[in-house]
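Common to both upcoming complexes is subunit A, partnered first by subunit B, then by subunit C.
What follows is the complex of A and B.
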C-alpha cells in the first residue's frame, strides 16, 4: 500500500499553503494479521512540521521531490533568518572592545570577535573599519541568543572569508535567487560569464556583491541579476544575448 | 503582641534595656534602630526581655541561603551564562522574584569547558539549582546545577508540547518526536507524580 508516497506524489509541483495537512492514520486492518501495512520512510524537509500522526505544511510554496524519499517546500522569502554554518555578507556597524557588531539583515546584529580572523592575535589586530564588508560564517545562530560570526574555519584558515569589497556594488536579492546562484551547476552564472568577466560574492542572507572592469559593466551585471529572478530560462537567455550584442 | 506600628529605616524604636534586637533592627549607642521599612513586631520569647523586629509583611519571608535548593525559571541565555528568576526556595513559593545567574562553568561537574548554554537551558525552562553565593549589591544570586539531581525539570519544545526526558542530556517532544538538548535533572522517584 503505497498510500504515503502516493499522497505526496500527487501534489508534487503544486502550490501548498500553510495549514494543508497530510494525515497518515493507518487504515483499519480487516483480517487482523497486520501484514498489509508496510513501514515506509519519508524525509520531510523545510516547510513541513510533524504533529503526531499528521504532517502539516507551515510555509507557502511549491512541493518538490528528490529521489528516493525527500520532500520539501520551495518557498520565496526576502527576510533572512540566521542559521548555523551559513556564509553571509555582513556590514560592520560598530567596534566595541573586543568585538565588532555586524549587520547581517536579520532581526538582531551579529557579533564578530577580532580574534576570529586568520593570523589575528591580541597584538596583531585585523584591519577592519566601520562600514567594511565581511564574508563570514555563523557559529551560533538561534532564536534565543545573539548570533556570532567567525571569519576562519575550524582549522584556523581564512578559506576565502574576511574583509573584501574595496570597489564594486552590494545589492539585495531574494533568498530563492541566492540559492539558485549557489547551486553547483548554476545556469544563471554560466550565462552571465559569457557576457564579460566579473567578480561575484554571494551571501546566503540575500546580499550579492559584484565588481567588473568598469562602473558601467558593474551596473549592467547588477541589473541583470535583479531582473532574472522572475524570468524563465528562455527569457533570461534572450535578454543576456541582447545585452551581449548591445554592449559589444 | 502590641498593635502593629509602621517604621522607616533609621527610626529609633526603643532602648536596649526594654527589648532585645531581632531581624530588621540594629543596635547603636545603646538604642535599637530600625533598618527596614515595615511593621514593628514585639514578641515575648520567654526570656526576660521581649524581642523587637521589623518585618515587611506579617509573615516573615524565606530568603534563599547558601546551599539551599531553589526552583527557578530561565529568562535569558548567553554563551557565558544563563539568567534565571528564582520562584521557590525548597517548597515555599516566594512573593517576589529574585534574580539568579548560572555561569557556564557551573552547569556541569565534568567537562566544564565544553558546555554550550544553548544545549543545556532554553528560555522558559524550569530548573532545580543550588545557591552557591548570595552575591554582592549589584550581582544576582549565583547558582549551580553541577549535580545529578539538579538541572532542567520541565521544558517545552519548539512545537509547544511538554517534553519527556530520555537521558541526562536529551529530551524528546511527544508530538513532533524531535529531540532537544538540555541538562536534565534526575528527579528522585518518590517526587514524581504518576
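What follows is the complex of A and C.
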C-alpha cells in the first residue's frame, strides 16, 4: 500500500534537494474504496515546507527520521537562524543603556539585559566589555522580533552560561558539525579527548571555542575539528591516531 | 548585512600566535596558501583560488572608437566587483573604501606598468580600436583579495584571444573563431601583487594574510613585481612606519614569490592549451573537486551471519600473511602496529567504502583493517586478545 509514510520512508538517508516534493495525494485505485483511507500524521521538521497537498523540500541535505513520524532534513548550512531555547556563543558588539547588543551570527543582533546574569542587580553590574564572548540562551526568538538572550536559567543560576574566553580561539563550523559535536556521546569529542586535554565550548550557532595548553595545541584542535566536516568516522580515527602519534 | 565582529579573544589569540610564529592554517611566515588556477571553456575566463579566497576574472573585447588623445592605442578597462556572495559584509552597488582601493591598485599594477601592448590593439587609426574589458569578481573573501585579483586578471589576460580582423580599404571584417583562429594579446610581462601584513607596529610580518589576520593587522604593504624583478607598483597602507631594510626585505621575498607564481600561471596556461589541442575536457566543471556532504550517510547493508566464523578466520589468515611482507612494523602501543613508510597526509582523499568482509570481521572483534589511502596501510592486530581467545576456545 502506498501511503505518505512509505513515500518518506523510502527516501530516508538519501540526499534531497530544494524542489523535491512529497505528495499527499494517493493514486487513484480501481476499486475506489474510501474505507482504507486512514488519517496519517507526519511531523515535518527543518527543511520541509507544506504547500497545499504536498510537502516541499526547501533545504539540501539528508532525510532523517525519528520514530514514530518525525522527519527532517539534516543540512550542512552555515547560516544560523535563532531558535528559542538554543544555547549560542555571542560576541558583545555594543553596550547601550541597560542592554548589551550581541552578535550571534543570525540576521539580526540579539539583545542581552545586564540583569540577566547570575548575581546581577541594579547596583552590581556584570563586567562585560565590547568584544567579549558570552555563552547564553535564547528566550525570545521569532522572525518578527529582536531575539533576546539570557545568561541565567529559570532558577537564576548561571549553569555554565555567562562571559568566558579570556584566551583560546573562536572559529566557525557548519551547523551540521555542531549538532554532531553536541550529540550525547559524540564520537568526535570522544576521539579528540584522547589526544590531549582541552576546553571546548560549542554554540548551536556554529561557533566553537577551544583552548588547550599551548597555542600550538589549540590550533591543532581547531584544525582537526574543522577537517571533521567531510570525513567518515574511519578516516577521522586514522587521522586522530596519527596526530596522537605525532607523525603530522 | 553587517559583518561578524572580531572578538577580543580571537584578536589576542591571533597576535599571540603571530608572536610565536604560528598561523591559523599551519603555514610558515612567508608561505602562500595553495594557489589554484583554472580556466573556463571560454577564452579569457579564469578562476583563481588562494586558499578559500576565490576570484573570477573574465576578459572581453569590443571594437570602439579610440580616445582623441591617443588615436592609435587600444583601451584597457579594469573593473573589480565585490558581491555580497563573497562576504555578507559587502553590499551591492556601493563604493566602499576597500573596493576603490582594490580597483585603484589593480589599475596601477596592470595598466600603469604597461604590460599590455595597447598599440597592437589598434585596427584603424583614429577610428577603430579594440577595447579590452577586464571584469574581476570576488566569489569568496578569505583575505588577500589583491593578490588573488592580480593573479586572476593577468592569467585571464594571457589566456584571452581576440577575434582576428582584416582591413580592406576602409572595410573592417571581424572573423568568427571558426573562420580564423583568434589572436592572443601581446603581453610584455606579468606583474603580480604580493601583500605583506604587518603586526604590532611592524615588528612581525606575514605574507598572504587570511581574512582574520587582515583584521588584526596594523599595516599592509603591496608590492607589484614581475619575474624580471622590476617593481611595477608599491603601496603601503595603514600608516605604519617601515624601515628601509624592511621594505628591501619585502621586495626580495616578493621577487621569489612572483617567480613562483609566474611559473604556476605559465604551467596552468600550457596545461589548458595542451588539453584544448588534444580535444580533452576542459573548463570549470572538469576541475571542481567533489566535496561530499554524504560521508555520514550509512547504507544499510544486509550482513549474512551464517558463516561469520569461517570468513573471519579466513580474513585473519590473509591479513597475517600480508603483514609479513613489511620489514619492520612500528609498535606504537601494545596491540597496535604501524606499517608503511612516509606516512602522507590523506585529508580530504576520497574514502574507501567499507566492504562487507570488514563489517563482518568487526563483528567477530578479532581483526580490524583500516585503509583509507592508496599509499599506506595501517593494520591493527589485537594479538594478545586474539591469542587468549583462541586459548579459551
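Going forward, the second predicted complex is superposed on the first by the 236 of 248 C-alpha atoms of A that agree within 3 Å, B and C clash if a C-alpha of one lies under 4 Å from a C-alpha of the other, contacts with A are read in each partner's own complex, and residues count from 1 in each chain.
Just so we're on the same page, a contact is a pair of C-beta atoms (placed from the backbone, for glycine too) under 8 Å apart; a residue touches a chain by one contact, two chains touch by 3 or more.
Note that the structure is predicted; figures quoted are calculated from it, not measured.
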Practice item. Tell me which partner A:142 touches in the superposition: subunit B (first), subunit C (second), both or neither. Key: first
Exercise for review: With the two complexes superposed on chain A, say which partner A:107 touches: subunit B (first), subunit C (second), both, or neither.
Suggested key: second
Review point. Is the number of subunit A residues in contact higher for subunit B or for subunit C?
Key: C
Exercise for review: Could you look at A:245 and tell me whether it touches subunit B, subunit C, both or neither (first, second, both, neither)?
Suggested key: second
Practice item. Would you sort A:48 into first (subunit B), second (subunit C), both or neither based on which partner it touches? Key: neither
**Study point:** Partner subunit A, residues of subunit C touching it in the complex
**Key:** 1-2, 4-13, 16-17, 20, 22, 24-26, 291-300, 332, 338, 343, 345-348, 351, 354, 370, 372, 378
Point to revise | Residue numbers on subunit B that touch subunit A, as the complex places them | key: 76-79, 117-118, 122-123, 159, 175-178
Review point. What does subunit A use to touch subunit B in their complex?
Key: 49-52, 140, 142, 144-145, 148
Check your understanding: Can you list the residues on subunit A that touch subunit C in the complex?
Key -> 13-15, 61-62, 76, 91, 93, 103, 105, 107, 109, 129, 131-133, 165-170, 176, 180, 209, 215-216, 218-219, 222-223, 227, 230-232, 234-235, 237-239, 241-242, 245, 247-248
